[in-house]
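Take this structure, written in structure tokens, and hold onto it; I'll ask about it next.
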């Protein structure tokens, strides 16, 4: 267990340090959300109607931004070989990295999102739904993103490939997530949050194994 | 150091990306012995080391690792006995030298106190709290050597260890290897520049 | 004959493009696949010829089709 | 095992089979096209119903192709079958082609009925996402230089994709009920009149045969190319 905790702590420290991915993701998320009204117009009712979707899509893009270096940085500098030879299995390594990525990207985004929702005039009723849906959805984004980035770990500029590969796989998360927030605006309960929870509940435990399989094949060829 | 008596490979072949890198390579390494793998670039020295480490599956042939009465077949199990020193030094620029070693100590499950001793051994104690981005290539290689010593694994696999080391670095490497062999360790070294170490030679075509 | 009626029909503006696109897509795929298939066959024959010439006559009969 | 032993058998078996397959495809298409043109116009949709004969088969084959791709990937992963990798690699561009055709003909069919070229209808949206799944698969395969690694990575992606497909389908349906305005004429909703069933099935048979014919041709091409490359690299034959 301490090996898992060691890797988790190292990744969090690396992300928090200067040039780490935590600040990068938050900055990108804030930039996209503030840029949008400049493009679309600041009319409150219009912004309110698209706020849920914008926040969710910006969160997904911010996650993708920091995901592509999840394994590639360690692959390129030889750390992945040492991890493969350590007592911690590749599945454990993938699990620790997914958790570290969520803690340094998914969670901070969720905490920051209400602040940015104010910029988009999101109706007050939707704030709890926004928080809950992001809290449930971002782990699934990290999980599926980790699988995709494990597949492209040997690709020189794999980061460009990631959005294309991950887009169809993430549609359920965006649909249920944004759908939940939209429904909560007019006080409805359309059960989107339960689908999101179920989706996250399935992908989270499985993704370390699929990601480990992808890493194993990329290491051994 | 977990006891390890012998490592033996017979008829080993390695195929990477559809190309046969090498065919029917055999060697035998007993406790306290070293083997230097020589050969031109692209002859598969690194692939052989990765194959012994279990990172690469062997296309054909067998590899035994035996210690006392147990024989280890499964290649991921074999990985736990390997001290790996690869081309890249696996050094993170944002972490300090001490942090890096403490992390690998916890990852491998060895005692963290021996970190300062390991840094001392390779002459990096002064740079302990320096982020690794400020270390020179030679210092990074010494840090990798400190990690190798720290993990206390019986079978050392060294891939071009002499690269980036100055004269003192080279002599440090040789003394550390002799110490390792003296305490019953084994070592496989892939290199193409000469290394004056009493060891068997394996020539890869 | 239904054919002229088809082309004069109110929605001909949509039926024709749909069939046209399909013909283009499938026809294009067939031609492309066939062309690359022939080219691959020729290239293999050529490589096999240079291969057997460049080596001693004892070359094992690389007589695949 | 000699990497290319097995495809040799495939090359020998597929050589005589190819002309028959091509012939069957031509016959099916000829019959299907004739029936499609000869079918009476629909009382509601008029002639646009004829688009159904090329839209629905394309959609069926597009989905069948992804199933084939996933199955070939599974076989390729489990017992490292080089032929399965070739089959999966060549099925993807074909699948993408049929998906694109389904999307284009679908939108052309939608235009007279819904008044717009694109309608975020559940089926069309799912097909757009299927198209992205194909693009992702092909892009991943081309991005990785090492042939065998590319095959395995793409296989894992295909399997992850095929597992997610029903979830995507479900989430898009759920989403359309969330946004569906008035109930527009559901395409293919009403029971398809019998007279249209025959052209539909024959065209579907034609499309499926065409898929397997092209697949066989492209697999043979890939094997010939690999053999030429191995020879040029001074491979096994050159000793």
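A, B, C and D label the chains in the order they appear, each numbered from 1.
Basically, a residue touches a chain if its C-beta (ideal position, glycine included) is under 8 Å from a C-beta of that chain, and two chains touch if they have at least 3 such contacts.
Remember, it's a predicted structure, so these values are computed and weren't measured experimentally.
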{"item": "Winner on C-beta contact pairs when B-D is weighed against A-B", "value": "A-B"}
{"item": "Central chain (distance from its CA mean to the mean of all protein CA atoms)", "value": "A"}
{"item": "Distance from subunit C to subunit A - Cα centre to Cα centre, in angstrom", "value": "44"}
{"item": "Chain centre separation (subunit B, subunit D; CA means) in Å", "value": "49"}
{"item": "Separation of subunit A from subunit B, taking each centre as the mean of its C-alpha atoms, in whole Å", "value": "36"}
{"item": "CA centroid of subunit B to CA centroid of subunit C, Å", "value": "53"}
{"item": "Subunit D residues counted as touching two or more neighbouring chains", "value": "146, 148-149"}
{"item": "Residues of subunit B whose C-beta touches two or more other chains", "value": "16-17"}
{"item": "Residues of subunit A whose C-beta touches two or more other chains", "value": "221"}
{"item": "Touching pairs among all chains present in the structure", "value": "A-B, A-D, B-D, C-D"}
{"item": "Of subunit C, residues touching subunit D in the complex", "value": "2-3, 5-6, 9-12, 14-15, 17-19, 21-22, 25-26, 29-30, 33-34, 36-37, 40-41, 43-44, 47-48, 51, 55, 60, 62, 64-65"}
{"item": "Subunit D to subunit C touching residues, read off their complex", "value": "8, 11-12, 15, 37-41, 45-48, 50-51, 54-55, 58, 94, 97, 100-101, 104-105, 108-109, 111-112, 210, 214, 217-218, 220-221, 224-225, 227-228, 231-232, 237-239"}
{"item": "Subunit A residues touching subunit B - in the complex, by the definition given at the top", "value": "2-3, 5-7, 9-10, 13-14, 17-20, 74, 76-79, 81-89, 219-221"}
{"item": "Residues on subunit D engaged by subunit A in the complex (per definition of touch)", "value": "129-130, 132-133, 135-136, 139-140, 143-144, 146, 148-149, 152-153, 156-157, 160-161, 164, 167-168, 170-172, 174-175, 178"}
{"item": "Subunit A - residues contacting subunit D, complex", "value": "147-148, 151-152, 154-155, 158, 161, 164-169, 171-172, 175-176, 179, 182-183, 190, 192, 195, 199, 210, 213-214, 217-218, 221"}
